[in-house]
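Chain nomenclature is as follows: A, B and C, assigned in order of appearance, with residue numbering initiated at 1 for each chain independently.
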Amino acid sequence: MIANDNKTKIEVKNLNLYYGVNQALFDITANLYENKITALIGPSGCGKSTFLRCINRMNDLIPIVKIDGQIIIDTKNIYDKDVDEVSVRKKIGMVFQQPNPFPKSIYDNVAYAPLKHGIVRKGKDCDALVEYSLIKSGLWNEVKDKLNQPGTSLSGGQQQRLCIARTIAIKPEVILMDEPTSALDPISTEKIEALMLELKQDYTIITVTHNMQQAARVADYTAFFHLGKLIEYDETETIFVNPHNKKTEDYITGRFG
Amino acid sequence: MLKPYEAKLQNIKDEISKIGVDVVDSLELSLRALEDKKIDDLKNVLITEKKLLLRSNEIDNIIVTTLALYSPEAKDLRQLVSYLKITNELVRTGSNAKDFAKMFKKSYSDDLNTSMILEYAIPLLRSALLSLQTSISILDETNGKHIEEKYHRVVVEESKTDDLYLMIEKNILKLISKNLDLSKEYFDILSALRRLEKIADRAVSIANLLHFAQVGGDIVQS
Amino acid sequence: MIRRKKQKINNNPFYDPNLKARHTSAKRFKKFTLTSLIFSIAFLGFFLFDIIGKGIPAFHVAYIQVDVTYNEKSLDDTRFAVDKKYRDVVSRAWLRDIPLLVKENPNFMNTTLTTWVLADDQVDQYLKGHNHKLKENEIAFVDELNAQGLIERKFNTIFFTNGDSKIPEYAGLFSAIVGSILTLIITMVVAFPIGVMTAIYLEEFAGDNKFTRFIEININNLAAIPAILFGLLGLAIFINLFGIPRSSPLVGGLTLALMTLPIIIVSSRAALRAVPDSIRQAGYGLGLNKIQVTKDHVLPLAFPGILTGSILGLAHAMGETAPLIIIGMIAFIPDAPSTVTQAATVMPAQLFTWAGMPEGMYIEKTAAGIMVLLTILISLNTIAIYLRKKFEVKW
């Protein structure tokens, strides 16, 4: 473990995951820090996305998945029997690889979930929340005059920022991002990366990326996964300049994966 | 460009600039001492190779980290690589400046032909100072034409130092042959002055590297 | 000559000797598919040409200008309302309606009016040049009337306002149309909600286990069962077990609902499956539960597909005859039903009945009925396409 004065937001303890009889995650233990960007890197099929989806219990939607171990967020294990998975997902938002705005207007896209959760009522409060979320995701100026247009009328990069706004609107504490820029062009990617750096002041961000350079650019901490095991987890600078584990170094230098 | 990346690049440039400025300041101090004929003031040159090395190592490590994290390309890459080499040059330059001050003060005395020495030493020092100063100023230059002009000036000043040194070398050797008992002192003065000539050489090297960083081409070390 | 060809080969880096054979083979294939298309269109064209040719005459009938006497004697025995020589050339059914006409217009009493009277079906057939059973003197009489301009052809509104009749010239499609509409309303009201809800359950909520797969296989098989078996099922359950009146739109609707159900389920499932999973994932990621995701996000997107499938199912049901025959909807229905429990008939069944009648006029009425049925079916399909386009939400 790294000695530092960071506050731990998510504590993962001995997490194992099985797809039926096949084990996909082997005894993962790590502390993810508050208001930092943690990147999960590794070759395809190494389990990083699976691990990410454990944090907000999205893997519960797949019937053959079995999980044991603990993920403790704010001193409560989210896999305890008395924790409702829906409430976990309200605190921990998710942005996906393919921008997937709802086929509704831009306004409704952002407002739908908060209204359903009862965070705001329809009317001025809701308008204010939509505006706040769109400002925070850097989209407000581009869409403020066309909130009634369908969310799907935006470009790819804008759609992804809309999905981020939608996630911010439910007032989460953690934002999970599953390869958020791999479907976007370089300019949009840069905008999203700059956005991530801003967002980390208010949220804890965990992101999966298959693009190592992206992890190097934005992440404070990087975790390297290989074949379902967590090989190395350290400050990004260490991982990219002086990795301790040979497998990590081989991956970083492009010798495999 | 991401903010942390921009911040790092600016930081590296500023730190290098600071080292350069410190070396230039010490040369200016030496020049004033010689011009006012207060050779004792040379003891006020406080830079040490050790301290400069410490700072240059720090900068080098930051450059390595920046290269690892941000994968710079084109001009950014050239700049960082040239800065990596310039830190070395600057440390050596600083060491040269310190050696000059120390050795000159140590061997200077009224027994020597001070008027002749100063007649050559002062312009030599001035040229060396100017070449280094102009070289360092290319760091902040973005206009290609200005860079060419400054580079040219550096080369000109460096050739001046070459000429001046040759002349004073000839004269001092003549003086040595006439006053063999003062030969050690004269040799030491010559050694000190040689340091100034080296500083000008390094200034050209630095100017070359900065030119490469800004404009491109190949690295040419002189 | 040969030398020049060889030169060409040497100069052209793109020369490929196989290409000519491939291109000819491709052209042959294209010709073959085009021929098949032309063949199909030819059959269709022949069919339409035949039907329209036979059916168009049904839309206009002959009327004869006759003096009609309204008095007590004629009301008693309506044959006396017209002159003797006209009795065989005017429609008996029209004469039969005279008392009703006088009741509505009391001022007709004891008057003789010149009116356009519907001609007898044989006269009409003769005038159209078809087979007829007129006698020699009747033919001469009709020709004379025609020469005097006392015979006119008018648009056949009777076809659309009357129910079935044993008197050919009075037979119409009205009761069949009403019967069809009532039956189909029942079908839709029963089949649509049950079908869509089943599809939603199977697609969104059911687990992936043997039981679910068993249900799926059986639903798919149901879609392929011959329709007549549904008629037997309807007979056994709805008529015998539940005691619902035979030949009523209620029974017909319920039977057709059973038949349409598998089609609606299968197409609704396909529509739901076509909704990309990313929408559901996004919903779950925001902390919504299954009902919210399904109701507010998946269903609106699947709606056009569901709607299309349902309308196509409806069109299919509209043309079904076999199951309805079993439950008795080929009875003779002169009056349109006013409730769903009265005896009724549907359009295809009516046409089936007419096709078996001996009188010549029924041939053209059957063809005309086919034209009406086809028009309605094509309109339904067009509405399905239009609605699908209108509600298509692009994502």
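We adopt the following convention: contacts are C-beta pairs under 8 Å (C-beta built on N, C-alpha and C of every residue); 3 or more make two chains touch, one makes a residue touch a chain.
None of these values were measured; they are calculated from a predicted model.
**Q** For chain B, which other chain has the most distant CA centre?
**A** C
**Q** Grab the C-alpha centre of each chain and report whichever is closest to the global C-alpha centre.
**A** The most central chain, going by mean C-alpha position, is A.
**Q** Measuring centre to centre with CA averages, how many angstrom lie between chain A and chain B?
**A** About 51 Å, centre to centre.
**Q** Measuring centre to centre with CA averages, how many angstrom lie between chain B and chain C?
**A** The mean C-alpha positions of chain B and chain C differ by 100 Å.
**Q** Can you give the whole-Å distance between the Cα centres of chain A and chain C?
**A** Result: the chain centres lie 57 Å from each other.
**Q** Name, in rising order, each residue of chain B that touches chain A in their complex.
**A** Those in contact with chain A are residues 2-5, 64-65, 68-71.
**Q** Please output the residues of chain A touching chain C within their complex, sorted ascending.
**A** 56, 58, 61, 63, 86-90, 93-96, 98, 100-103, 112-113, 116-117, 150, 152, 163, 166-167, 170
**Q** Quick check: in the complex, which residue numbers of chain A touch chain B?
**A** Per the stated touch rule, the residues are 190, 193-194, 197, 213, 216-218, 236-237, 240-241.
**Q** Contact residues on chain C for chain A in the complex?
**A** Answer in residue numbers: 207-208, 276, 278-279, 281-289, 292, 296-297, 300-301, 393-395.
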